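This is the structure I have questions about; it appears just below.
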């Protein structure tokens, strides 16, 4: 309906994962030309290839997905940590590296990282996942400061409790355990994926021109 | 141009102060019916009168201004602290108290507090101001949790380095002192008041439906 | 047993309130000469009189107590907010103002504010209390930056879930409600008042020489 | 002089790096039996071997060092990120995994992570370093929540501006650039390594019994 991203060329990674489909839909509704990408970004050359194929990228939405192992820290082996780093941290560095030069040359660009609330507040059985998600935030803060003078904005969310068939299937939402968890979410409900995607517009559009390395929680009040 | 606030009735307090004029303009452009108010909210009954006169209030923008005394803490007397509390804290409580019942009755509403970065990062000669601004944030977090289940969202910004003829007059912007200060702002510039007002849309529109007591810095990277 | 505060002259305010008695005891065990004060600091001249009577103050422990009203924000009147400001914010400013000049003259001193976790995370029925507690933190951050170059350190805690006969009487600790609340405290228990007092040593002794305006949560993991 | 760690068996990793030597010295002065270890923890089996050789470990000080590459994000290749992860993140997971079972069996233990301020505030030319340091903090928060009920405390610092011949050699401290940087540190000076080591005592001794996943900045006020 709106035109908040009119004329912007946007790349969305892992477009079938997490809130990827809704990002693509919402950004298109706002006038963006969206390149929805689903290639496996754990391949070392994949990020550079994606950016090269994309041509001009005004906004890179680093939506990176990983299945949370869900194990206790001391039962979680090296491979589980490595998987998180391979899926969430290394691709972010490669994508950033690939896209920054063209953005610097144009003195214009946005990188939006779809981050996780688990990076900001401890949760049992999330240690290796939280490590990788926190790494994204640390990376964002430093890169953002580096490129701000080139008029490029790099920011991230920290979302959690967003409706998602993997983490919150309908049958789970009918359980007492789910209802007990919602007691601890001040909003008292899950966000829809569409709401989460709409929130990202703030980091992708002109409203973010003065935001440098900000991490915005989107958690229903679970993180303050 | 857009319609992000189409049909919403919005009250903006201290509408001639800080970014008040730009909030009024930007919110109207997005379709809101804005009641721009300039009454002196230090009068104990003023907030209740404002809300009563306003009728239905979908969004209350608590834009509260105070002239920063700019003294060292130990040279700042009781009256200076009291002035900050009178202008920034007491009116916020009175406005909130006045507007919440109608929002609860409708199970819908937003309170947006235009806060200050000085609440989050220490600056010399700001102690009593920072105290009052931090009080706003503490208040926001608790009220937000309280009313989230009524489908009312209460959130705040923490803005600083926003263009403003009082704090950053053109002649000051030409000084070396100003340029030295900008060195410490990763964005390397001031935000325009219009940018700051646009950022507030995120806390006033549907994008904020899942935000509960969030404090969003808008500081050019000065606060992370 | 130790001598972490050997030879230090310490003032502890509201010495009968909150963890006051344990601060006095623990600081004396560490060799401090403690002036335990119980005067009513809501009297405008009380803070200055206290510091004058105290003579040299190496460490000021601003332990300020207020009975939490426990009302919903919209049911809490002006008087309840004022009471919080009168007990928690104004005395802090007066004490700071009174003690800083002597500390500056000696180029040495510490101000330790016993703050509250409610300032950092929203809790229902705490709005006016949270506002005043957050004001303390904002004040601390700015004063700290101001006086750091005088070799004076100003820091605060944000404590909560500390054993206290007022908030957590034994009969309450036997209830299911209490046990349910403990489920949300990662530590799974209350801290003892003695533990909270020992934690303050870190902000009062030489370990704090490099800490400037830091707010340290002491909440059993409730705030991250 | 004191006995804050009397009878405690402590492992300090990378004992020749960063503030390792001072940790060993200060902790011994406080009565700890310190195993100062210098093995290369990038070897996958090294962490487990260290813990096995150590026997009972009451306190693990994860002091992990990595030479900061100091490159711009887009000039920093995969190998540079991997080196940071290899030195700062993987060993932390392996050490934690190796030591937790014995701590759980005894229902007692502390893990203290010597972290970096760069994880919390963006700095140019630190992106891959900041990512790895932030990963440590995210990991700490989640593991801490997981093991708190076993009476094990896991916490971290975020230190920066600590005297260190690698980052701040005497000749650099004589430069204008160094003096300009100190202008941005409210404390106006570097901390000594000994001060930083003393600060760690708070996370290693009984004062930390109620701290769960806390990240304590030690930055001279650079991070609030």
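Per-chain numbering from 1; labels A, B, C and D assigned in written order.
The definition used in the following text is that a contact is a pair of C-beta atoms (placed from the backbone, for glycine too) under 8 Å apart; a residue touches a chain by one contact, two chains touch by 3 or more.
None of these values were measured; they are calculated from a predicted model.
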For subunit B and subunit D, chains touching each: A, C
Far-end chain from subunit D, centres as C-alpha averages: B
Equivalent interface to B-D, taken from B-C, A-C or A-D so that over half of the residue contact pairs match: A-C
Inter-chain centre distance, subunit C versus subunit D - centres from mean C-alpha coordinates, in Å: 28
Per-residue multi-chain contacts in subunit B, two or more chains: 120-122, 141, 144-145, 186, 212-213, 221, 224
In the complex, subunit A residues that touch subunit C: 120-122, 184, 186, 221, 224
Residues of subunit C defined as touching subunit B within the complex: 44, 72-74, 76-78, 81-82, 85, 89-90, 93-94, 96-97, 100-101, 104, 118-147, 212-213
Residue ranges of subunit D in contact with subunit C within the complex: 1-4, 141, 144-145, 148-149, 186-188, 191, 195-196, 198-199, 201-202, 206-207, 209-221, 224
